[in-house]
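Two complexes come next, and they have one chain in common, subunit A, joined by subunit B in the first and subunit C in the second.
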Partner chain A sequence: MQAGANLTGMEDVLRLSPILMACGFGILIMLVDPFVPRARRSLTANLGVVGALASLACVFVSAQHMGRSYSGLPYTSLIQVDDLSIFMFFAVFSFAFLAMLGSLDYLEREGLQHGEYYALVLFATAGMAVMACAQELVTAFVGLEVSSISSYILAGYRRNAPKSNESALKYFLLGSFATAFFLYGAALIFGGAGSTQLEAIREIILHPNPLRQKESDLLVLGSALVLVGLSFKVATAPFQFWTPDVYEGAPTPVTGLFASGPKAAAFAILVRVFYSAFGSYRDTWFWAIWASAALTMFMGNLAALVQTNVKRMLAYSSIAHAGYILVAFAANSQLGIAAVLFYILAYALVKLGAFTLLGHLGDTGERRVEIQDLAGLGRTHPFAALCMSLYLLSLMGLPITAGFLGKLYILKAALDAQNIYLTSLAIMLAVNSVISAYYYLRVVRVMYFSEPAADWSPAPVPYPVAAVLLFTALPTVYLGLFPDAVRVMVLRSASTLR
Partner chain B sequence: MQLESYAVILSAILFGLGALGFVFKRNIITIFMSIELMLNAVNLSFVAFSRMRALLEGQVFVFFVIVVAAAEAAVGMAIILQVARNRQSLNIERIDLLKL
Partner chain C sequence: MLTVVTFLPLAGGLLLLFVDEELKETIRRGAMAVAVFTFLVSLDLLAGFQSSPGEYHVYQFEEMRHWMSSPPISYHLGLDGLSLWLVLLTTFLTPFCVLCSWHGVDRRVKEFHVLLLALESAMIGVFVALDLFLFFLFFEAMLIPMFFLIGIWGHERRIYAAVKFVLYTMAGSILMLVAIVALYSQTGSFDFPVILQKLVSGRTTLTMPTERLLFLAFFAAFAIKVPLFPLHTWLPDAHVEAPTAGSVILAGVLLKIGTYGILRFCLPLFPRASVEYAPYIAGLAIIGIIYGALVAMVQPDYKKLVAYSSVSHLGFVVLGIFSLNAVAIQGAIYQMLNHGISTGGLFLAAGMLYDRRHTHVITEFGGLATPMPVFASLFLFVCLSSAGLPMLNGFIGEFLILNGAYLTNPWWATLAATGVILSAVYLLWSYQRLIYGPVTVEKNRELPDASGRERFSLAAICVMALVMGVASPLFTARTEATVTRILQSEMTRNTRYEAVQRPTGAAVPVSVPLVAAGAEGGKAGRP
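Up next is the complex of A and B:
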């Protein structure tokens, strides 16, 4: 028995190997960084990229050892590695890898090449991975905070740029405010259910104790507060107002990371809490999600219409896309959850590519991020312009891109429910796609049909950035043409959830 | 009513005061203190519920919250310091380069 117990402990280490690997590399970078001479700063940068790749490789190890963590020390069933976790591990570590690759030249140009940048990205990603596989609210909170605290620093990484400071400050204040709500919700749920384990909460709701009427009130209130906290993190209305400011002020490659990883991880925990644990309270939270989805889509798209700064426009479009994902989430079915996961992947890849490219085109100090600055890109940088157009068309939802199929799955999930309210959400989604076409196509038009600026033209795209463009553009087209492999994966993730 | 119930109500009041402070205060440091107040209100309710239900877990969670809040405070103060250096002001209304 003793030997068996030791073996299960080892199992847990293998199960969580991607997270441990990321943290290990992060610590290694912090230790090595002071001893690396200034001229060879790229050494720690490479170490960061290798760390992300090593974590990505460990995801395959982790996939061989799926299951609930052993209910003894040290992980006491706080974490479960199931299909959803594996999918999310794979997603967040790929995003981290791409974000780092896209930052190499950006940081060099801005004179910010320091080891801790890469360590922070790895720590943030480890936090996201913890969030994605948490089976317990306080564990989810720790993961959330590990990722958020690292993100606050990354947002303010251009220390001497006032906009970057402001972005970090706003992210920090509003992020902590949201965390406090999440945590108070967890405390109330603990009061109501006597446990913060998601499975135990589910049991209590299904078989309530008739002697304790007040319990369910605490649970409803607690779940509402948790929803508020998570809505801040995924940036859905009415808690989305921080997004444009933070996205605009943060260094552009970091913005790419913010738009992909943390959102995916926050949606994963949202699914775990509200689809699994609070599934029986569906009637209570359905209206909150319904209203939030409708409001998010319209606020995001209408505000994006009037933006002249591409970074800010993409930030508003991120908000709108979070609204689309909520539509699938509101369907509360396996098909809906599968659509959520597929859409997150399709959307995040595109955003990462777009922000990375923008980070390069923005030039020193991010002076050139207006739509007009992209004028004539089709002539001066055909490859970059092609990728950017592909991203924008995928965000718009044009066929043969991943965005199209993502939207199709969302609409199908919403319409399959045969529910008039979900159908109305689906109609709103279609209307919003039409609205969004205006501002996406405007950028494409400027890139191809405007004269390039006479006095300035962006530098050629460096190899790492070109690699990121390839790694994001090819999967976008591939997912748009052959979605089957990923489709099977997300459907399996959704079906093993309960 | 039991002692624990009062503690739960007190924690709700403290949390509400923290949230109000966050919304209405203008000095960044005060806003930050409001957040700390909210986190400590959460700690109080964890302890109260833990005692009410005779479960030790609630008190363990408090340690997690304290540690995370300390890490957050360290990063937060650094960010606030940098803002104060670059802008010579701690008034949140003046931090308006990125407008809505």
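Up next is the complex of A and C:
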């Protein structure tokens, strides 16, 4: 559409440099890996971490190069690198970096140190980045598939563990089903709008042809299917049943990645499709999203109450948090979208840190991931316990953590709408926060109030894991105290949509 | 200045973190030094405080700094007559918390003192914060140290009590957060004086249903904290299981945050709703007074007895507040301070007994006057001050509250007055069972009398009780302006509301007690 002549090929390359860099490093790792002797596998591992860092650096190149507007539409408007894309690039590549850093010692311990793991993480992240900047449904689908297929393999990476296999198979079957929904929805939308480009769809909806009533029926049906597909990806009720099993079975650092990157990317595309393209259908979808948000919060939190496995508990808490994000999403306003973005960041940081720490504490074969296994952590590993408590407090939404401000922004977005139904969602969110406090506190309680187990104590925290803890804990506090910089970023991202 | 007082304990606590865990005595002394120093610094607030500030200087020692831009949140601190005394109460009680834990806490000493000092910072912060967001931040920040204080250093059922405490408080506070944000959507500000100004001047008006909901959300958070009957069930557990210092802080300061919040936020922000709900709330308060006293009477556990007596005493405070006249509110504020001193003293005494015998069960004691004469006499003094003996602090507060309540509704005062009698019953009866009579348990014959440290703590409390009993104008003079202002903002808005309502013929005679009280207030405000 606006693919003017000034947008030369070089410009496009720089714009998409983070994605290209990640793919490039992924391929490089695959090529190098066979030539590296078994004993020196950490070499390719480090290459993966460097790849993530390089992609992260490229985000700045991409942002810098775009100038202030970031409004270019390269590749004949399949992809748009705007503020939202830059924010998401930054988020998903940071998550990939942290996840890899947290995996180094885990994989070594489990005897799974292979180059392809890091290549897969990079590919998955590249897919997420494509999703985050897609301006067209088929492109979004390609991104979704790239990230999903890599994720299926990663979920089953502990190939000798039955649970990991279960996780991969479940994720694969249900995930393919969901992507099929998405694709079918995209096809119907194409039938209705004559285009899969979000901007074109938006135009058609805003100026419908009065003679062709069927078009809008197709669009509604198509968007319903797309909503189902994406709800599966972000794990909101009633499409969340896969989450606990997949999260529990996957290698713990991978679970950390699942809980952060794909969710962020899926929310990005959800925002683009339903806030931007289908913005005028807000009344059609309001009740679906309202019900889904309410259901997700309660199902996630109530189920989490009775879990004894920390991984499962955090999986259910992830579901609940997706519900909180939906509350802001339901507000369907700029403030709401900004709250969604801020919350994703706050939530993902915490989940990454928590899962990485659990990956370390779980010990060989993930034998020790029950809540009781954390007993006395406050005595034996004060730093790790402090970080874990911080994460839990942030998930709970207590002040001076990013989670608290995230919740505040969601509440504000919901209440600013001055709509009784959104107000009721806000109150439900508040009630849920209290419910969730119970199970988060249970972990804190075990860490600090119980005596450490006599016969076993976790190994000291290795440096890469400690680095992940720092990189997640410090921003959590920093965002809780001085959110302005990020807040401006998300507000700008939200305002450039539409 | 306020920033210094607020964060001084926290900074001291952080410094303590660098001291070696094994140097327990150093840590205790360090914490004591920090606490005392904070008290001395806070005395400077008293010195610089003006009793009758001008029209435009409602808050003194005000500090205002930009913090976050979207939504606009500022770091806004200020002090008025109400918060002045509560800050001083906090800084006054904290050194005694350190003192009473000198021998009682021997495990993880460093963490204990760091948490205690962090808690002090949060409590002071609650009293001086003028931005609703900042207030909420401090309000929630108190939970974490308290959770650990009860959970780590408490008695047998400590974990249950700690979790219950946090869940109850969070349940209320999260609703308050929703209300704060809703108030922001209505007025466009988190800054309390700005919001109040907008509401008083009529630039923003809340519809009656909105006001009711907001009032209830704020009130629920504070009523749980107070705790108002029937939301009090967390209190006995938390008190009984908490270590002595925890109980002193809990009874002395934390409960006051509930009543402080009601006075500071509920009344001025939502005058119509508070007038509307006042009779119901007063009813609950009276039930609390009598119920708390009756339950306290039959407790076999001394700490639980004191805990229930807090329910009863705080019932008086709430009754005073919702009598909605100057006398009663003065009394309520005064009673808040009294309760902090007297009940703090009772818990200190209970802690001293616990340190000796590791039990709170009353029948385990008896005849303590023989082995512990000094303790017995100081303890009697504290009991009497709590029971409201004339010349001591409790009397003034209760008298003012009953006086004010009578102006609003004679029945309230009549019923509440039974609480005064009952409080004498349970306090003196328990005193008799603990101290008088023959020594029933042989072990008690050998108990050492109060040590110098303990004598000092109790004596300081007694002196304070006496000073507050005879020199009450010293205190009430500084709160008078605040009380008048709270009532004024109530009255102006209610009158305006009536003026709007009257032509339609639907006049609600809501502010009649207020007008009467306003006329009375000038004369009776100063006892």
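Basically, the second predicted complex is superposed on the first by the 481 of 498 C-alpha atoms of A that agree within 3 Å, B and C clash if a C-alpha of one lies under 4 Å from a C-alpha of the other, contacts with A are read in each partner's own complex, and residues count from 1 in each chain.
What we mean here is this: contacts are C-beta pairs under 8 Å (C-beta built on N, C-alpha and C of every residue); 3 or more make two chains touch, one makes a residue touch a chain.
Since we're looking at a predicted model, the values are computed, not measured.
*Asks:* After superposition on the shared chain, which partner residues are touched by A:Phe449: those of subunit B (first), subunit C (second), both, or neither?
*Replies:* After superposition on chain A, A:Phe449 lies in contact with subunit C alone.
*Asks:* May I ask you to decide whether A:Leu491 touches subunit B, subunit C, both, or neither, giving the answer as first, second, both or neither?
*Replies:* Only subunit C is touched by A:Leu491; subunit B is not.
*Asks:* Tell me which partner A:Ala57 touches in the superposition: subunit B (first), subunit C (second), both or neither.
*Replies:* A:Ala57: touches no partner chain.
*Asks:* Going by the contact rule set out at the top, does A:Lys412 touch subunit B (first), subunit C (second), both, or neither?
*Replies:* second
*Asks:* Under the stated touch criterion, which partner chain does A:Phe241 make contact with: subunit B (first), subunit C (second), both, or neither?
*Replies:* It touches subunit B, and subunit C stays clear.
*Asks:* Is A:Ala437 touching the first partner subunit B, the second partner subunit C, both, or neither of them?
*Replies:* Second partner only, subunit C.
*Asks:* Just checking: does A:Leu393 make contact with subunit B only, subunit C only, both, or neither of them? Give me first, second, both or neither.
*Replies:* In the superposition, A:Leu393 contacts subunit C only.
*Asks:* State whether A:Ile427 touches subunit B only (first), subunit C only (second), both chains, or neither.
*Replies:* A:Ile427: touches subunit C, not subunit B.
*Asks:* For subunit A, which residues lie in the overlap of the subunit B contacts and the subunit C contacts?
*Replies:* The overlap between the subunit B and subunit C interfaces on subunit A is empty, containing no residue.
*Asks:* Mind pulling up the subunit C residues that touch subunit A in the complex?
*Replies:* Subunit C reaches subunit A through residues 68-71, 133, 136-137, 140-141, 143-144, 147-148, 151-152, 158-159, 162-163, 166-167, 170-171, 174-175, 177-178, 181-182, 184-185.
*Asks:* In their shared complex, at which residues does subunit A touch subunit B?
*Replies:* For this pair, the touching residues of subunit A are 138, 141-142, 145, 149, 152-153, 156, 159-160, 162-163, 165-170, 172-173, 176-177, 179-180, 183-184, 186-188, 190-191, 194-196, 241, 244-245, 248-249.
*Asks:* So in the complex, which bits of subunit A are touching subunit C?
*Replies:* 393, 397-400, 404, 407-408, 411-412, 415-416, 418, 423, 426-427, 430-431, 433-434, 437-438, 441-442, 444-445, 448-449, 482-484, 487-488, 491
*Asks:* State the interface residues of subunit B toward subunit A in the complex, per the touch definition above.
*Replies:* 8, 11, 15, 18-19, 22, 28, 31-32, 35, 38-39, 41-42, 45-46, 48-50, 52-53, 55, 57-58, 61, 64-65, 68, 71-72, 75-76, 78-80, 82-83, 86-87, 95, 97-98, 100
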